[in-house]
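First chain A sits with chain B, and in the next complex the same chain sits with chain C.
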Partner chain A sequence: MSQDKTTTTATPKTTGHNWDGIEEYTNPLPTWWIWGFYITFIFTVVYWLFYPAWPIGDKFTKGIPGLHTITYKATTVDGKEVEKTTHWNMRSKFMHEMNEMEGVQKQWFDKVAAMSFEDVSKDAELMQFVNSAGKTLFSDNCAPCHQAGGQGKIGFSPNLTDDHWQFGGTHDEIQQTIVHGRKGFMPAFKEVLNEQQITQLANYVLSLSGEPHDNAFATAGAQLFKSEDAGCYYCHGADAKGNTQMGSANLTDKIWLWADVPAKSTQESKLAEVKRVITGGLDRGVMPAWGGRLKPEQIKLLTVYVHDSLGGGK
Partner chain B sequence: MEATSPVSPVKKPSPLLNRQIPIVTRSVKGKFRTFKTAVMVIAYSVYFLLPWMQWERSNAASQALLFDLESRRFFIFNLVVYPQDIFWLAMLLFIAAALLFFTTGLIGRAWCGYFCFQTLWTDLFIMIERMVQGERPARLRLIKQPWNAEKILKMGVSHSLMILISFWTGVTFAAYFTYAPDFVYHLFTGQAAEAGYITVVVLTITTYVAAGLSREHICTLACPYARFQGVMYEEDTLAVAYDVRRGEGTAGRIAPGKGLRIREERQAQGHGDCIDCGFCVQVCPTGIDIRDGLQYQCISCGLCIDACNNVMDSVGSPRGLIRYDSEQNIASPVPHRPRLEWRRPKVLGYAASLVVASTILFYNIGTRSDTEANVQQVRQPLFVMLSDGSVRNRYQINIINKTEHEQRYYLKVQGIPANALDMGNIPEIRVRAGKTLSLNAKVDLSSEQAKATKHFSFIVIPTIAEAEPVVVKTNFHSH
Partner chain C sequence: MKHDKIERNLGILLIFTMLAISAGGMVEIIPLFFIKETIEKVDGVRPYTPLEQRGRDIYTREGCYLCHSQMIRPFRDEALRYGHYSLAAESKYDHPFQWGSKRTGPDLARVGGKYSNDWHTQHLIAPRSLVPQSVMPNYPWLAKNDLDYSDITLRLKALRVAGVPYSNSQAEYERNVKDFGEDVAKTLHIPDAEKNLVAQAKLGNYDTDPSNITELDALVAYLQVLGTMVDFKKYDDDYFVKFR
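This part shows the complex of A and B:
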C-alpha cells in the first residue's frame, strides 16, 4: 500500500558496455552513502586545519596556529615550573589533563598539608583520600622495592605492614626516612670471628626469637654477643633490641628482614641463614631519598599512608 | 554463465530500497479514538509535569522524581535508589517484559496502539498537521501542489510546531536528571552543563525525526516488537480483525450501487457488508489494509474499528465488521461475542511470573535497610606476622548511609576478642547522608587464636534506636 510502484523496474539498466556479450549493470550507490563519502572530504579539510596532518621530511604541518592549541604546565629537570603553549598533540593533551586533575586533587593535598599528622589520621573522610592518593603514590614510587601492598621482601626490603620499624615508626621518623632515605649497614665478621664463634652467635640469635637452637652454643653466643671480641652489642644493644637511630635490627622479635628464617623448615637451614648474614655482613640496605623527587605535601600524605593505612603505627 | 542468457527480471524489490508514499491519515471519531486521546492527555500530563513536582528533601533538590546521576542517587518520591539497588532495575525490567508478553498474549499489541512513545508523539504530530493543514484531502492537495506561499506557510508552521514540541520533549527529559527550574533557567542563559545541551539537542532531533518524519517506518522497520508478535499471539488472542465472511460474503465486497444499497439486497446477491469505502485504510497510521488480515505492521490502535463502525452505522448495518476478536472466533462457524480467553497456559504463566516478580520487588523495596556495609579483606599481604608472633589481618570496611541525614555508627567484632580490632585514630564513625565511608581496620590475634579462627564478623551498629545492626561475616587468614 505504501510502496511506490513506479520504482519497480522489470529490467535493470546496464552501462551500455558490452564485452563479448557480457554486460555490466549500473547499480548506483545509495544517495545517503555518496553524501557520507563527500562529508569525509569536508572532514579531512577541517582536520587538516586543526591538527598536525602532513609529514614533510622529518617535520610536519602543525595545523593553522591559534585554531587548536594546548597550554599546559610542566616542571623542568631543574625544578622550574614552565607554561607551554603548543599545537595540538597527544602528549600536550595528556599534560593538560594531568594539570586539571592536579587542580582537583589540590584542595585535598592542601588540607593534608595544613593539618598535623594526628589530625589527618583522625579525619575519616580525609583518610579515604589518603588511602586512594597514597596507594597511587606508593605504587608509583615505593612498590618496586616494598611490593604493591607494602609487604616487602625478606632479604631485600622491609615489610611496612607489620609493627616493627627499623628506623622508627612515628610519623616524624617515617617522614624523615622518606625525605632523606636510609642506609642499613652491618660489617662482615668472617675476618674477625672463626666458624665456631659464628655458629655460637647464630644459635644465640635464633634463641632470641624462640627458634630451634643448640642451647650450649647459644649460651656461648650470648657471652660472645656482649664481648669485645664480636662487639655485636655496639649496634644491636646489650638487650639485642636494636636501635632505631642507626637502624640496627631488633633481634628479639619474630620479624626477620635479612635472614629468611621463617621460610626454612629445619634447624640447620635456619642456622645457615643467620650465619650467612653474620659472615657476610650487609651493605645493601639502601633506601634512596625522595625529598627532591616528590613534593612536600605528597611526602606528607605518603607518610600518613605508610603509618596509618599500611603499618601498625606502633 | 553464458553471455546470451536472459536477464531475470527483478520480481519484488526490498521495501528498504523503495521510496515510500507519505501516509496521510483521515481523522476519525469513536470509542478507540477517545480512549487514545485520553491516554495521550494523561501520559503527556505525567511526562511534562512530573519534573516540576516539588517534594521536600533534607539533602537534595526538592524534586519529586530526580535521577541524580552526579550523586549516584535516584529520588523517586520517598524512595532513594542507590547504585547497589541495581537488582530493582533488573526486576523492573523483568516485570515490564512479563507484562508486555502477558498483555500481548491476551489482547495483542495494546502497548503499540495506545501507550508507545512513538505512537503518542506521532499521533500528536498528525493532530498538529490536521489543525494547521486541514483534513486528509486538503493535506493530500497540499503535498501535490508546488511550493507556493500557502504551502510554505502551512508546512512551515506545522513543522515548526513539531520541532518546538520535540524541543520541549528534550528539555523535559533532561529535567528529570537535574533540578528542573534551575535547569530550564540555565539552559536559556547558557549556563547549563554540556551534557544537558547534548541531551536536549539529541532528543529534539530524534523526536522530530522519529515522530515528525519517519513515523510508521519506526514501527515497521526499526521496532523489533512487530517482528516477534507472531510468536506471542495465539489463536485466542484478541486482535483487531476484519470479519472476512461477513464482509466479503460469497461474491466479495462491493461498493453500494444500484440495487446494492440495502443490506438484504446485497446479501441476496451474495455480497458481504463491506462497502469498500476504504475508510479503514485512510485512518490507519501505518497505512495498511486490515482486510488483508493480521500483519506485522498493525499496531492495533483500533482506529479502523472506529472508522468502520461509523460507516456501518450510516449504511444501517450492524457494527463490528472490524472488531477486536480472536482468530479462532472469527474462523468458527458460529462466532460468539468476542471475549477475553484468559484460561490459557501462556497467559496464566505470564500472570504467575508477574505476580511473583512484583511480590519479590515490592518485598525487597519494603524491607530495605538504611545501612549497608561490606568488608573487603586487604589481600596484599593477606596476613602479616607481628613482632610478638601474633597475626594481623587488615580490612577495608565500607559503610553506606542510605538515610537522608548524617548518621553515626559503632563498629564491633563478633567471634574474636573485642580488643583485637584496631580502627586507628578514628574517634567516631560519621557518614554523611547518602554517602559511603570506607575505613581501615586492623585485626590482631595471638598465634594460637589465629590458628583457631577462620571466620569472624564485623557488626555495624547505627546509633539510632530502631535501626537494625548489620552483620558482615569475613575471613581471617594465618599461616
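This part shows the complex of A and C:
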C-alpha cells in the first residue's frame, strides 16, 4: 500500500531510477499473490494432461490417453446407433450434452413418432409436451413468416389459426406442407383479359365475400369466371371454393391473403386491390421445405401443434 | 541491453513491445497452419459465385457483421436454434471471415434456405413489418440501388491472390473442374464473371423484381447460400469430432 517515506522507520529500497524526482519502490509482491502466480504454472501442466494442448508437427497432444474421456452415442449415416469414447474435446462434449437432452425428451418424441396423429391429439399429457416443444419450434422456425401466434400476415403468409387451409388442413396435408414446402402461383391476366373484363371479375370476387360491389358487373363477372375466356374455374372451381390439391384459394370464405380488401375502406380501393392481383397474377408465397432442416419427429410434432393447438379445424 | 536504453528509445521500445505481444498470437495461430485436422475433410464447400461474392461485399459494406455472426458454436442451445455447428472448412474461402460470438441479431451461418427470397426482400426493406420486436434498421436503398458489377473481375482477381481458387486460365479452370465439378467450375471462371453474375441474378430473381439487378439481388443470393454447401446427411453425426 502507499506509504509515506518520511513516516516509516526503515527506508524502503527503490529501483534507483529517478524520473524528474519520481522514484520507484521495489517492495516484494504479497505472498498470496506470488503463490497465485505459481499455481497458474502448475495449472497449465495439469491442463496439458487433461485437454488437447500442444501442437507437435502436423498433430497435437490430446491429453494422457484414458485420463479424461467423454462417452457419447452417435448415429451413423445408415441410421445405426453407436457408442464411442474419445479424449475430451469440445465436439465430443457437445455430442454428450445433446445425448443428455435427447434422453430427457426422447420418451416424448418417441411417443409422438409412434402414435397416430389422432391419438396424439387425444392424449392430454402428451399434448402438454406438444404445446411447449411446439411453441419453441414454431417461434424459431415458423414465426418469422406466420407471425408469433400463427395469425399470418395479409399480403405475405396465411393465417394458421382459422379453419381455412389453402393446401389442406388434415394432419397429413399439413405434414406434407412442412416437409416439402409450398409455392403460390396464379397467372397474370393482363394479357388475356381487357380492363372491363378484369373489373367484372373483381366485382364478382368481391360479391362472393359480401363486399360492396357493382351488381351488373358482378353478374357478368360470374359468367366470365366460368367461361373459357378467363378460365378461373380451372383452379378456383365452378363454385369458387378453391382446390386444396393445387392450393388455389377459396374465394367465398371472406378470408383474404394477397388482396388486402379488409384494410380498404372504399368500394373503389377494394376493387383496385382485387384487380391488382388478377392483373399481375402471383408468383410468390414460397414456403421453404423443412424436410432437410428439421427431424421427422420434430415435423410430426409441429404438425400436431399447428393442427390442434393453433386452432386448425379440418 | 539495459532496460534504461529501451525505455529511452521509442523505436526500440515499440519493436520489443510488438515482439512480446505477438509471441502469444504466434504460438496459438502458426501451428494451426500445419496441423492436418484444422480444416475438416468435407465435400461441397466451394468459393462464392460472382453474384454471391458481390452480395457478400454488400454485407460487409452495410456492416451486417456488427450485429450478426456466422459461427455456430458446438453448444446445445446454439445447435437447437441455428443447426449444426459451423466447420472451419465452411469458411475457408471467406475473406474476411465472419466468425464471432457478439450478437445483437441471430447468427446467420445457416440462414440459407430457411426463409424465402420474398421474406428476405421484405425483411431487409422493413424488418419490423415481419418481425415486430426486431431492432434491425431498415435497408430500403438495397432494393433501389442498381448493382454495380463493373469491377467484378477485379474483385475476384484480388480474392484469387488471397488464395481463393477462382480460375483465370484454362489450366486453373481444369483444376477447378477436377476439384468442384464442371457446373461449379464454370461459375468460378474469372473471364466469365460478369456473364455468370447476370445469368444467376436473372434466373434466381432474388429480390422478386425481375426487371433489374439490384444490390438486394446480390445480398439475398449470398444469404441464401450460407451454410447450405455441406450436406450433413452424408456424414455420421459424430464424424467431425475426430478433427478436434
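As a working rule, the second predicted complex is superposed on the first by the 215 of 314 C-alpha atoms of A that agree within 3 Å, B and C clash if a C-alpha of one lies under 4 Å from a C-alpha of the other, contacts with A are read in each partner's own complex, and residues count from 1 in each chain.
Everything below uses one rule, namely that a residue touches a chain if its C-beta (ideal position, glycine included) is under 8 Å from a C-beta of that chain, and two chains touch if they have at least 3 such contacts.
Keep in mind that this is a model prediction, so the values were computed, not measured.
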>> Quick check for you: in the superposed arrangement, does A:Ser309 touch first (chain B), second (chain C), both or neither?
In response: first
>> On the A-aligned overlay, A:Pro288 touches which partner chain: chain B = first, chain C = second, or both, or neither?
In response: second
> With the two structures laid over each other on chain A, which partner does A:Val45 touch: chain B (first), chain C (second), both, or neither?
Replying inline: neither
> Which partner does A:Met127 contact after superposing on A: first (chain B), second (chain C), both, neither?
Replying inline: first
> Of the two partner chains, chain B (first) and chain C (second), which one does A:Phe94 touch, if any: first, second, both, or neither?
Replying inline: second
> A:Val104 contacts which: chain B (first), chain C (second), both, neither?
Replying inline: neither
>> With both complexes overlaid on chain A, does A:Ala74 touch chain B (first), chain C (second), both or neither?
In response: second
> What part of chain A is shared between its chain B contacts and its chain C contacts?
Replying inline: 148
> What part of chain A is in contact with chain B in the complex they form?
Replying inline: 1-4, 7-12, 20-22, 30, 118, 121-122, 124-125, 127-128, 131, 147-149, 151, 159, 161-164, 210, 250, 253-255, 262, 308-309, 312-313
> Along chain B, where are the residues that touch chain A in the complex?
Replying inline: 3-4, 7, 9-10, 12-13, 15, 17-21, 23, 216, 281, 287-289, 378-381, 384-389, 392, 394, 396, 422, 424-427, 429-430, 437-440, 442
> Which residues, counting only chain C, touch chain A once they are in their complex?
Replying inline: 4, 31-32, 34-37, 74-76, 79-81, 83, 85, 113-119, 122-123, 129-132, 208, 233-238, 240-244
> Contact residues on chain A for chain C in the complex?
Replying inline: 17, 52, 55, 57-60, 72, 74-77, 84, 86, 89-95, 97-98, 101, 140-141, 144-145, 148, 153, 156, 283-288, 292-293
